[in-house]
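When the chains are written out, they are named A, B, C and D in that same order, and each has its own residue count from 1.
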């Protein structure tokens, strides 16, 4: 297994999300990269005697989902904040797809923000399912509980407390959701969608 | 949202996995299709008053991962048992990829079977990660805990008790793992791998 | 930490639950006892260098809930099937308590059976909360997801597939629920309730 | 079901944990009380047609563990911070019990702090098991994943980000653990232990 590498993101000044919050958030991303690599390193050692180490091997395999998704979720998230707020391109394919499922993109985003307000910590994610040719939303508990098998991440928002609590208390997370959308680079979302076809 | 449709699988006689076990297993698959559709139907109704119904909406969103993956995991599984046991094609790309990571395909499968013996109920899945160009294994608890964000399912085995218990008791699940591989259509695995590029 | 010991249960012939099913079920119970002891043994070894082993220590700590509850849940379950079907004593305190919350015990049991039909594998448990002086029901996913902090187990039913699938397929688990109640020793439930005061 | 009531805690000035952090933390506790009551209220309505509402009833039952434990965990936590830092009484029974399992209380607390550093959000809890007459530690994911069936909470620390992030970033949670112990009223821990006998 080749080691996963930490990506360096180029995130400018954001409206309503402080540089301090982004800085602390990036440290946590770094921890996920470190730990997914650590799991595979430990597994490599332990597999040398898979009989004796069976229990620990099992628990490390079980934890791959947390660390890997902790890495990859954050990469999608930070990438969608690079480049500053940008609108969807004219003739956006993503807009066309979503308007087959909702009256307007704006109406769909009202629904997505309701999803983001789900109790607990985790992610609101909108995936594209190539097989049924539909956008499918899901709430992900923590980093890894409920990710959809084989689907492509198009749009997501981190709803762990660390994503916003340097700027807003937990009881005001609704304001953070608005701030996230104020800074979203929709061109990245369009690219995610095109890559999912 | 368009309704998901139940797929009809054409599974012939298997060695070591009874027709009775497959028959009961297919009933459960059918339940997942029914219930993922039910979730989206209920959500449609409840979103008419998203303020009042916020709590229940949250719990249904949280459960999409269980029902959707319960459907999709089983579709990959049954598809890999259609057509009878078949070998990987000569010049298999999947074999080439796996032999970059393990000494041989056989050695890699020893590791995969260890993964499948993880305590509890769930799935052992081998995904392909297009980004790092690697095969990545993970244990999935139940249907949905630990699925890897955005990766493609290549090879998997259902380790819920219902997958084998009509033929072998839980304490002998190791025999079922061997039986699964005896019946595996590796051409489907090759196709999964090619589709993941 | 002293090792937990496997309890030997004296379960007679049951109606609608086969000796074969009980026999296989007891093997799994035995596995939980073995593995909770294994976790604490491994932790003892690893804590000698808690810095270096931090990651694995964390994952073993996280898994205590699964193995410990897998042991203890089953002990409550098998104990409630010892001694054969017996009714609640005249002047049952449990009955009095439940009739403060439901019209009749029978009505409460209709609700409890609905709880037992929750999708997935786990346990339906009715606890007593000394603090609020109430019986509180909860669905427990697997062995450990949702156990109520500090409350006492009064009545429970194992809804993992291994609890019944040698007798009934998953799609007929409703029949098993009835069979369980046909064999229940309510005197044990009364004792559980009295011990919870 | 009688409604659970929010407890008013009398927490004085703490060292290293700000009034602001406690204030925000108490708001979240209040949310758990509100939502466990909401679940039972909704269940009461939905049980009027338990056939039609079976799916939603199941998901609400599944969520009792999160909300109930979210309430009760916090009550133990805040109670242990009332009254200011106090030492264990002379002849502490808790100390005697822990010194049967570890060389000293201090050594045991080193282990407990390692437990508290487990990755993710949740609780480190030390329970007393009346049956085996031992103190048993466990990591609880979120509020509810891994609580030990029937055991009594003796000592615990909230390791969700909201417990400390107004004072320390996530990457420095180790400092918060020390701060918690600097303010701990060990007389409450002694009482918890005595109540567990």
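Criterion: contacts are C-beta pairs under 8 Å (C-beta built on N, C-alpha and C of every residue); 3 or more make two chains touch, one makes a residue touch a chain.
Please read these numbers as outputs of a predicted model, since none were measured by experiment.
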For chain B and chain D, the contact-path distance works out to 1
Comparing which residue numbers chain A and chain B contribute to their contact, where sharing over half means same and under half means different, the two sides are same
So the chain most remote from chain B by C-alpha centre is D
When each of A-B, C-D or A-C is compared with B-D, the one sharing over half of the residue-numbered contact pairs turns out to be A-C
Chain centres from averaged Cα atoms put chain A and chain C apart, in whole Å, by 37
Taking each chain's mean CA coordinate, chain A and chain B are separated, in whole Å, by 23
Expressed in whole Å, how far the mean CA point of chain A lies from that of chain D is 29
Two or more other chains are touched by the chain A residues 35, 55, 62, 66, 119-120, 141
Contact graph of the chains (line, ring, star, complete, other): complete
Per the touch rule above, chain A residues touching chain D in the complex are 24, 27-28, 31, 35, 66, 119-121, 141-142, 160-162, 165-166, 169-171
The residues of chain A that touch chain C in their complex are 35, 38-39, 42, 55-56, 59-60, 62-63
Per the touch rule above, chain B residues touching chain A in the complex are 1-2, 4, 47, 50, 54-55, 57-58, 61-62, 64-66, 68-69, 72-73, 76, 101, 110-111, 114-115, 117-120, 125, 132, 134, 136-141, 144-153
